Amino acid sequence: MSDIKKITDKLIEFRNERDWEQFHNPKDLALAINIESSELLEEFLWKKSEDAKIEKVKEELADVFAYAFLLADKYDFDVKKIVLDKIKSNGEKYPIDKAKGTAKKYNDL
Amino acid sequence: MSDIKKITDKLIEFRNERDWEQFHNPKDLALAINIESSELLEEFLWKKSEDAKIEKVKEELADVFAYAFLLADKYDFDVKKIVLDKIKSNGEKYPIDKAKGTAKKYNDL
Amino acid sequence: MSDIKKITDKLIEFRNERDWEQFHNPKDLALAINIESSELLEEFLWKKSEDAKIEKVKEELADVFAYAFLLADKYDFDVKKIVLDKIKSNGEKYPIDKAKGTAKKYNDL
Amino acid sequence: MSDIKKITDKLIEFRNERDWEQFHNPKDLALAINIESSELLEEFLWKKSEDAKIEKVKEELADVFAYAFLLADKYDFDVKKIVLDKIKSNGEKYPIDKAKGTAKKYNDL
(Lines give C-alpha, C1' and ligand atoms only; values in the text may rest on other atoms or scores of the structure.)
Protein backbone atom coordinates (compact mmCIF):
# COMPACT_ATOMS: atom_id res chain seq x y z
CA MET A 1 0.00 0.00 0.00
CA SER A 2 1.30 3.48 -0.81
CA ASP A 3 2.34 5.86 1.97
CA ILE A 4 -0.39 8.30 1.07
CA LYS A 5 -3.05 5.60 1.12
CA LYS A 6 -1.82 4.46 4.53
CA ILE A 7 -1.92 7.97 6.00
CA THR A 8 -5.35 8.63 4.52
CA ASP A 9 -6.73 5.37 5.87
CA LYS A 10 -5.53 6.26 9.35
CA LEU A 11 -7.04 9.74 9.13
CA ILE A 12 -10.37 8.33 8.03
CA GLU A 13 -10.35 5.73 10.77
CA PHE A 14 -9.70 8.50 13.32
CA ARG A 15 -12.49 10.62 11.84
CA ASN A 16 -15.01 7.80 11.66
CA GLU A 17 -14.39 6.57 15.20
CA ARG A 18 -15.45 10.05 16.32
CA ASP A 19 -18.34 10.30 13.88
CA TRP A 20 -16.90 13.51 12.46
CA GLU A 21 -17.61 12.99 8.79
CA GLN A 22 -20.84 14.96 9.23
CA PHE A 23 -18.74 18.12 9.84
CA HIS A 24 -16.17 17.48 7.11
CA ASN A 25 -17.71 19.08 4.04
CA PRO A 26 -15.17 20.42 1.53
CA LYS A 27 -15.72 24.08 2.43
CA ASP A 28 -15.07 23.52 6.13
CA LEU A 29 -12.07 21.32 5.33
CA ALA A 30 -10.68 24.24 3.32
CA LEU A 31 -11.25 26.46 6.37
CA ALA A 32 -9.44 23.89 8.54
CA ILE A 33 -6.44 23.86 6.18
CA ASN A 34 -6.27 27.65 6.45
CA ILE A 35 -6.52 27.63 10.21
CA GLU A 36 -3.79 25.01 10.56
CA SER A 37 -1.56 26.84 8.05
CA SER A 38 -1.87 29.95 10.18
CA GLU A 39 -0.94 28.05 13.30
CA LEU A 40 2.12 26.90 11.38
CA LEU A 41 2.81 30.50 10.35
CA GLU A 42 2.55 31.60 13.96
CA GLU A 43 5.63 29.52 14.75
CA PHE A 44 7.57 32.00 12.59
CA LEU A 45 5.94 35.23 13.76
CA TRP A 46 8.37 37.99 14.86
CA LYS A 47 11.21 35.52 14.20
CA LYS A 48 13.77 34.38 11.73
CA SER A 49 13.31 30.89 10.32
CA GLU A 50 16.09 29.48 12.44
CA ASP A 51 14.45 30.59 15.68
CA ALA A 52 11.27 28.60 15.11
CA LYS A 53 10.85 25.57 17.36
CA ILE A 54 11.14 22.50 15.17
CA GLU A 55 8.89 20.34 17.34
CA LYS A 56 6.06 22.84 17.02
CA VAL A 57 6.60 23.30 13.27
CA LYS A 58 6.40 19.55 12.90
CA GLU A 59 3.07 19.33 14.69
CA GLU A 60 1.46 22.23 12.88
CA LEU A 61 2.66 21.03 9.49
CA ALA A 62 1.27 17.58 10.30
CA ASP A 63 -2.14 19.21 10.88
CA VAL A 64 -1.97 20.97 7.52
CA PHE A 65 -1.22 17.65 5.84
CA ALA A 66 -3.99 15.88 7.75
CA TYR A 67 -6.74 18.19 6.51
CA ALA A 68 -5.22 18.37 3.04
CA PHE A 69 -5.29 14.57 2.75
CA LEU A 70 -8.86 14.51 4.06
CA LEU A 71 -9.96 17.08 1.49
CA ALA A 72 -8.19 15.17 -1.29
CA ASP A 73 -10.02 12.05 -0.15
CA LYS A 74 -13.39 13.84 -0.21
CA TYR A 75 -12.94 14.48 -3.92
CA ASP A 76 -11.18 11.19 -4.56
CA PHE A 77 -8.13 13.08 -5.82
CA ASP A 78 -4.96 11.09 -6.36
CA VAL A 79 -2.50 13.33 -4.48
CA LYS A 80 0.50 12.14 -6.43
CA LYS A 81 -1.23 12.75 -9.73
CA ILE A 82 -2.56 16.21 -8.90
CA VAL A 83 0.80 17.45 -7.63
CA LEU A 84 2.71 16.05 -10.62
CA ASP A 85 0.12 17.57 -12.97
CA LYS A 86 0.50 20.92 -11.24
CA ILE A 87 4.29 20.77 -11.54
CA LYS A 88 3.82 20.25 -15.26
CA SER A 89 1.46 23.19 -15.70
CA ASN A 90 3.68 25.38 -13.50
CA GLY A 91 6.54 24.48 -15.82
CA GLU A 92 4.68 26.27 -18.58
CA LYS A 93 3.96 29.34 -16.46
CA TYR A 94 7.57 29.44 -15.27
CA PRO A 95 9.85 28.41 -18.15
CA ILE A 96 13.38 27.78 -16.88
CA ASP A 97 15.06 30.40 -19.04
CA LYS A 98 12.78 33.18 -17.78
CA ALA A 99 12.23 32.05 -14.20
CA LYS A 100 15.76 31.06 -13.27
CA GLY A 101 17.03 32.87 -10.19
CA THR A 102 14.08 35.23 -9.86
CA ALA A 103 11.18 35.16 -7.40
CA LYS A 104 8.90 37.17 -9.69
CA LYS A 105 5.34 36.01 -10.32
CA TYR A 106 4.67 34.55 -13.75
CA ASN A 107 2.67 37.58 -14.84
CA ASP A 108 5.72 39.77 -14.14
CA LEU A 109 8.25 37.58 -15.93
CA MET B 1 10.30 4.42 -4.04
CA SER B 2 7.42 5.77 -1.95
CA ASP B 3 4.85 8.13 -3.49
CA ILE B 4 5.84 10.93 -1.16
CA LYS B 5 9.51 10.55 -2.02
CA LYS B 6 8.64 10.60 -5.71
CA ILE B 7 6.55 13.78 -5.41
CA THR B 8 9.20 15.47 -3.29
CA ASP B 9 11.95 14.57 -5.75
CA LYS B 10 9.98 16.11 -8.59
CA LEU B 11 9.30 19.28 -6.61
CA ILE B 12 12.98 19.64 -5.78
CA GLU B 13 13.99 19.06 -9.37
CA PHE B 14 11.55 21.79 -10.46
CA ARG B 15 12.88 24.16 -7.78
CA ASN B 16 16.52 23.49 -8.52
CA GLU B 17 16.19 23.90 -12.28
CA ARG B 18 14.96 27.43 -11.52
CA ASP B 19 17.54 28.10 -8.84
CA TRP B 20 14.80 28.89 -6.35
CA GLU B 21 16.20 27.26 -3.25
CA GLN B 22 17.69 30.62 -2.27
CA PHE B 23 14.13 31.93 -1.69
CA HIS B 24 12.78 28.83 0.04
CA ASN B 25 13.60 29.41 3.67
CA PRO B 26 11.15 27.79 6.11
CA LYS B 27 9.43 31.05 7.06
CA ASP B 28 8.64 31.98 3.47
CA LEU B 29 7.54 28.43 2.73
CA ALA B 30 5.08 28.78 5.61
CA LEU B 31 3.86 32.02 4.01
CA ALA B 32 3.49 30.21 0.69
CA ILE B 33 1.40 27.46 2.29
CA ASN B 34 -0.88 30.12 3.75
CA ILE B 35 -1.24 31.96 0.47
CA GLU B 36 -2.08 28.78 -1.42
CA SER B 37 -4.53 27.68 1.28
CA SER B 38 -6.32 30.98 0.87
CA GLU B 39 -6.50 30.57 -2.88
CA LEU B 40 -8.07 27.19 -2.16
CA LEU B 41 -10.47 28.85 0.27
CA GLU B 42 -11.42 31.41 -2.36
CA GLU B 43 -12.90 28.60 -4.45
CA PHE B 44 -15.54 28.27 -1.73
CA LEU B 45 -16.16 31.96 -1.04
CA TRP B 46 -19.84 33.03 -1.11
CA LYS B 47 -20.69 29.44 -2.07
CA LYS B 48 -21.80 26.10 -0.81
CA SER B 49 -19.29 23.28 -1.07
CA GLU B 50 -21.10 21.72 -4.00
CA ASP B 51 -20.84 24.88 -6.11
CA ALA B 52 -17.03 25.00 -6.03
CA LYS B 53 -15.34 24.14 -9.31
CA ILE B 54 -13.58 20.84 -8.82
CA GLU B 55 -10.84 21.57 -11.37
CA LYS B 56 -9.87 24.75 -9.53
CA VAL B 57 -10.03 23.06 -6.12
CA LYS B 58 -7.71 20.38 -7.46
CA GLU B 59 -5.13 22.89 -8.64
CA GLU B 60 -5.16 24.98 -5.49
CA LEU B 61 -4.98 21.94 -3.24
CA ALA B 62 -2.04 20.68 -5.31
CA ASP B 63 -0.24 23.96 -4.57
CA VAL B 64 -0.86 23.57 -0.85
CA PHE B 65 0.61 20.08 -0.99
CA ALA B 66 3.57 21.24 -3.06
CA TYR B 67 4.73 23.81 -0.51
CA ALA B 68 3.90 21.52 2.39
CA PHE B 69 6.11 18.78 0.93
CA LEU B 70 8.88 21.32 0.28
CA LEU B 71 8.74 22.55 3.87
CA ALA B 72 8.76 18.98 5.18
CA ASP B 73 11.82 18.33 3.03
CA LYS B 74 13.60 21.43 4.41
CA TYR B 75 13.43 19.93 7.88
CA ASP B 76 13.91 16.38 6.72
CA PHE B 77 10.55 15.43 8.21
CA ASP B 78 9.13 12.04 7.30
CA VAL B 79 5.59 13.09 6.31
CA LYS B 80 4.08 9.71 7.05
CA LYS B 81 5.66 9.61 10.47
CA ILE B 82 4.71 13.14 11.51
CA VAL B 83 1.07 12.70 10.46
CA LEU B 84 0.74 9.32 12.17
CA ASP B 85 2.37 10.74 15.31
CA LYS B 86 -0.06 13.66 15.25
CA ILE B 87 -3.03 11.32 14.89
CA LYS B 88 -1.82 9.51 17.99
CA SER B 89 -1.44 12.69 20.05
CA ASN B 90 -4.81 13.98 18.79
CA GLY B 91 -6.30 10.72 20.00
CA GLU B 92 -5.34 11.75 23.52
CA LYS B 93 -6.78 15.24 23.14
CA TYR B 94 -9.97 13.87 21.61
CA PRO B 95 -10.83 10.57 23.34
CA ILE B 96 -13.57 8.76 21.42
CA ASP B 97 -16.07 8.69 24.25
CA LYS B 98 -15.92 12.47 24.75
CA ALA B 99 -15.39 13.60 21.16
CA LYS B 100 -17.86 11.37 19.38
CA GLY B 101 -20.35 13.32 17.31
CA THR B 102 -19.31 16.75 18.52
CA ALA B 103 -17.24 19.42 16.76
CA LYS B 104 -16.14 21.02 20.02
CA LYS B 105 -12.50 21.91 20.57
CA TYR B 106 -10.62 19.72 23.00
CA ASN B 107 -10.49 22.43 25.64
CA ASP B 108 -14.30 22.59 25.59
CA LEU B 109 -14.89 18.84 25.81
CA MET C 1 -19.83 61.80 11.40
CA SER C 2 -16.92 59.61 12.50
CA ASP C 3 -14.41 58.34 9.95
CA ILE C 4 -15.37 54.75 10.63
CA LYS C 5 -19.07 55.50 10.15
CA LYS C 6 -18.27 57.27 6.87
CA ILE C 7 -16.19 54.36 5.54
CA THR C 8 -18.81 51.83 6.61
CA ASP C 9 -21.61 53.80 4.96
CA LYS C 10 -19.70 53.88 1.69
CA LEU C 11 -18.99 50.15 1.85
CA ILE C 12 -22.64 49.41 2.47
CA GLU C 13 -23.73 51.68 -0.34
CA PHE C 14 -21.32 49.85 -2.69
CA ARG C 15 -22.61 46.47 -1.49
CA ASN C 16 -26.27 47.39 -1.74
CA GLU C 17 -26.00 48.88 -5.21
CA ARG C 18 -24.77 45.45 -6.32
CA ASP C 19 -27.30 43.53 -4.26
CA TRP C 20 -24.51 41.64 -2.54
CA GLU C 21 -25.86 41.54 1.00
CA GLN C 22 -27.34 38.12 0.21
CA PHE C 23 -23.77 36.70 0.00
CA HIS C 24 -22.36 38.57 3.00
CA ASN C 25 -23.13 36.26 5.89
CA PRO C 26 -20.62 36.47 8.77
CA LYS C 27 -18.90 33.18 7.95
CA ASP C 28 -18.20 34.15 4.35
CA LEU C 29 -17.09 37.62 5.43
CA ALA C 30 -14.58 35.90 7.71
CA LEU C 31 -13.42 33.87 4.69
CA ALA C 32 -13.10 37.09 2.68
CA ILE C 33 -10.96 38.71 5.40
CA ASN C 34 -8.67 35.68 5.30
CA ILE C 35 -8.40 35.70 1.54
CA GLU C 36 -7.58 39.41 1.43
CA SER C 37 -5.06 39.04 4.28
CA SER C 38 -3.31 36.40 2.26
CA GLU C 39 -3.20 38.60 -0.80
CA LEU C 40 -1.59 41.18 1.45
CA LEU C 41 0.85 38.57 2.70
CA GLU C 42 1.73 37.64 -0.87
CA GLU C 43 3.19 41.13 -1.34
CA PHE C 44 5.88 40.08 1.15
CA LEU C 45 6.50 36.53 -0.09
CA TRP C 46 10.16 35.66 -0.78
CA LYS C 47 11.04 39.25 0.16
CA LYS C 48 12.18 41.55 2.88
CA SER C 49 9.66 44.13 4.09
CA GLU C 50 11.43 46.93 2.28
CA ASP C 51 11.11 45.21 -1.11
CA ALA C 52 7.31 45.05 -1.02
CA LYS C 53 5.55 47.40 -3.43
CA ILE C 54 3.80 50.03 -1.32
CA GLU C 55 1.02 50.64 -3.85
CA LYS C 56 0.06 46.95 -3.80
CA VAL C 57 0.30 46.73 0.00
CA LYS C 58 -2.02 49.72 0.21
CA GLU C 59 -4.65 48.10 -1.99
CA GLU C 60 -4.57 44.73 -0.28
CA LEU C 61 -4.68 46.27 3.19
CA ALA C 62 -7.66 48.37 2.05
CA ASP C 63 -9.45 45.14 1.11
CA VAL C 64 -8.75 43.65 4.53
CA PHE C 65 -10.21 46.75 6.17
CA ALA C 66 -13.22 46.73 3.84
CA TYR C 67 -14.33 43.24 4.82
CA ALA C 68 -13.42 43.80 8.46
CA PHE C 69 -15.65 46.89 8.59
CA LEU C 70 -18.44 44.99 6.83
CA LEU C 71 -18.23 42.15 9.35
CA ALA C 72 -18.20 44.62 12.25
CA ASP C 73 -21.30 46.22 10.77
CA LYS C 74 -23.07 42.83 10.48
CA TYR C 75 -22.80 42.42 14.23
CA ASP C 76 -23.29 46.09 14.97
CA PHE C 77 -19.92 46.19 16.68
CA ASP C 78 -18.48 49.60 17.52
CA VAL C 79 -14.98 49.18 16.06
CA LYS C 80 -13.43 51.78 18.34
CA LYS C 81 -14.94 50.17 21.41
CA ILE C 82 -13.98 46.59 20.54
CA VAL C 83 -10.37 47.51 19.76
CA LEU C 84 -9.97 49.61 22.91
CA ASP C 85 -11.54 46.82 24.97
CA LYS C 86 -9.12 44.33 23.44
CA ILE C 87 -6.16 46.56 24.20
CA LYS C 88 -7.29 46.59 27.81
CA SER C 89 -7.63 42.81 28.05
CA ASN C 90 -4.31 42.33 26.25
CA GLY C 91 -2.75 44.58 28.87
CA GLU C 92 -3.66 41.96 31.44
CA LYS C 93 -2.24 39.11 29.37
CA TYR C 94 0.93 41.07 28.64
CA PRO C 95 1.83 43.11 31.74
CA ILE C 96 4.54 45.64 30.91
CA ASP C 97 7.10 44.33 33.36
CA LYS C 98 6.95 40.80 31.93
CA ALA C 99 6.33 41.57 28.26
CA LYS C 100 8.80 44.42 27.76
CA GLY C 101 11.21 43.75 24.94
CA THR C 102 10.18 40.16 24.33
CA ALA C 103 8.05 38.69 21.54
CA LYS C 104 7.05 35.66 23.57
CA LYS C 105 3.40 34.59 23.72
CA TYR C 106 1.60 35.31 26.97
CA ASN C 107 1.51 31.63 27.93
CA ASP C 108 5.33 31.55 27.70
CA LEU C 109 5.95 34.71 29.71
CA MET D 1 -9.45 63.73 16.90
CA SER D 2 -10.78 61.10 14.51
CA ASP D 3 -11.78 57.67 15.77
CA ILE D 4 -9.08 56.00 13.72
CA LYS D 5 -6.41 58.33 15.03
CA LYS D 6 -7.55 57.64 18.58
CA ILE D 7 -7.46 53.86 18.14
CA THR D 8 -4.07 54.02 16.45
CA ASP D 9 -2.62 56.22 19.19
CA LYS D 10 -3.75 53.72 21.83
CA LEU D 11 -2.27 50.80 19.88
CA ILE D 12 1.05 52.59 19.55
CA GLU D 13 1.09 53.51 23.21
CA PHE D 14 0.49 49.84 24.09
CA ARG D 15 3.24 48.74 21.69
CA ASN D 16 5.76 51.31 22.87
CA GLU D 17 5.23 50.63 26.56
CA ARG D 18 6.30 47.04 25.80
CA ASP D 19 9.14 48.05 23.49
CA TRP D 20 7.65 45.95 20.71
CA GLU D 21 8.27 48.23 17.75
CA GLN D 22 11.50 46.30 17.10
CA PHE D 23 9.39 43.23 16.12
CA HIS D 24 6.76 45.13 14.12
CA ASN D 25 8.22 45.25 10.63
CA PRO D 26 5.61 45.30 7.84
CA LYS D 27 6.17 41.68 6.83
CA ASP D 28 5.61 40.33 10.32
CA LEU D 29 2.60 42.62 10.78
CA ALA D 30 1.15 41.06 7.62
CA LEU D 31 1.77 37.64 9.17
CA ALA D 32 0.03 38.79 12.36
CA ILE D 33 -3.03 39.97 10.39
CA ASN D 34 -3.21 36.53 8.75
CA ILE D 35 -2.89 34.70 12.03
CA GLU D 36 -5.59 36.78 13.69
CA SER D 37 -7.88 36.42 10.64
CA SER D 38 -7.55 32.68 10.96
CA GLU D 39 -8.40 32.77 14.63
CA LEU D 40 -11.49 34.70 13.59
CA LEU D 41 -12.22 32.07 10.94
CA GLU D 42 -11.89 29.33 13.53
CA GLU D 43 -14.94 30.74 15.31
CA PHE D 44 -16.95 29.64 12.26
CA LEU D 45 -15.30 26.26 11.66
CA TRP D 46 -17.71 23.31 11.30
CA LYS D 47 -20.55 25.76 12.00
CA LYS D 48 -23.16 27.97 10.47
CA SER D 49 -22.71 31.70 10.94
CA GLU D 50 -25.43 31.86 13.54
CA ASP D 51 -23.73 29.31 15.79
CA ALA D 52 -20.54 31.34 16.20
CA LYS D 53 -20.05 32.86 19.64
CA ILE D 54 -20.39 36.62 19.25
CA GLU D 55 -18.07 37.44 22.16
CA LYS D 56 -15.26 35.42 20.57
CA VAL D 57 -15.89 36.86 17.10
CA LYS D 58 -15.68 40.33 18.63
CA GLU D 59 -12.30 39.65 20.22
CA GLU D 60 -10.76 38.04 17.17
CA LEU D 61 -12.03 40.74 14.84
CA ALA D 62 -10.60 43.35 17.22
CA ASP D 63 -7.20 41.67 16.86
CA VAL D 64 -7.45 41.79 13.06
CA PHE D 65 -8.22 45.50 13.25
CA ALA D 66 -5.40 46.11 15.73
CA TYR D 67 -2.68 44.74 13.46
CA ALA D 68 -4.29 46.28 10.37
CA PHE D 69 -4.20 49.73 12.00
CA LEU D 70 -0.60 49.17 13.09
CA LEU D 71 0.43 48.20 9.56
CA ALA D 72 -1.39 51.23 8.12
CA ASP D 73 0.49 53.39 10.61
CA LYS D 74 3.85 51.88 9.60
CA TYR D 75 3.32 53.15 6.07
CA ASP D 76 1.57 56.32 7.17
CA PHE D 77 -1.52 55.28 5.21
CA ASP D 78 -4.70 57.24 5.80
CA VAL D 79 -7.12 54.34 6.38
CA LYS D 80 -10.17 56.32 5.33
CA LYS D 81 -8.51 57.43 2.12
CA ILE D 82 -7.17 54.01 1.12
CA VAL D 83 -10.51 52.29 1.68
CA LEU D 84 -12.48 54.97 -0.19
CA ASP D 85 -9.94 54.83 -3.04
CA LYS D 86 -10.30 51.04 -3.17
CA ILE D 87 -14.09 51.31 -3.28
CA LYS D 88 -13.70 53.60 -6.27
CA SER D 89 -11.36 51.27 -8.14
CA ASN D 90 -13.54 48.27 -7.27
CA GLY D 91 -16.45 50.16 -8.78
CA GLU D 92 -14.65 49.99 -12.11
CA LYS D 93 -13.90 46.28 -11.77
CA TYR D 94 -17.48 45.57 -10.71
CA PRO D 95 -19.80 47.87 -12.65
CA ILE D 96 -23.30 47.78 -11.18
CA ASP D 97 -25.04 46.54 -14.32
CA LYS D 98 -22.74 43.52 -14.63
CA ALA D 99 -22.11 42.74 -10.98
CA LYS D 100 -25.63 43.13 -9.63
CA GLY D 101 -26.84 40.04 -7.83
CA THR D 102 -23.90 37.83 -8.73
CA ALA D 103 -20.94 36.72 -6.62
CA LYS D 104 -18.72 36.10 -9.64
CA LYS D 105 -15.17 37.45 -9.68
CA TYR D 106 -14.56 40.41 -11.96
CA ASN D 107 -12.60 38.33 -14.45
CA ASP D 108 -15.64 36.05 -14.86
CA LEU D 109 -18.21 38.83 -15.28
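For reference, chains read A, B, C and D in written order, and residue numbers begin at 1 within each chain.
The rule is simple: a residue touches a chain if its C-beta (ideal position, glycine included) is under 8 Å from a C-beta of that chain, and two chains touch if they have at least 3 such contacts.
All figures in this text were calculated on a predicted structure; none of them were measured in a lab.
A count of C-beta contacts for the chain pairs A-B and A-D puts A-B on top.
Think of it this way: of A-C, A-B or B-D, only one pair shares over half of the C-D contact pairs by residue number, and it is A-B. In terms of their C-alpha centroids, the spacing between chain A and chain B amounts to 2 Å.
Chain A and chain D, compared by their mean Cα positions, are separated by 25 Å.
Residue numbers of chain A whose C-beta contacts span two or more other chains: 23, 28, 31, 34, 37-38, 41, 44-47, 103. Residue ranges of chain D in contact with chain A, taken from their complex: 23, 28, 31-32, 34-35, 37-39, 41-42, 44-46.
Those residues of chain C that touch chain D in the complex are listed here as 2-4, 6-7, 10-11, 14, 17-20, 22-23, 25-28, 30-31, 33-34, 37-38, 40-41, 43-44, 47-49, 52, 54, 57-59, 61-66, 68-69, 71-72, 75, 77, 79-80, 82-87, 89-91, 94, 96, 99-101, 103.
For chain A in complex with chain C, the residues that touch the partner chain are 31, 34, 45-47, 103.
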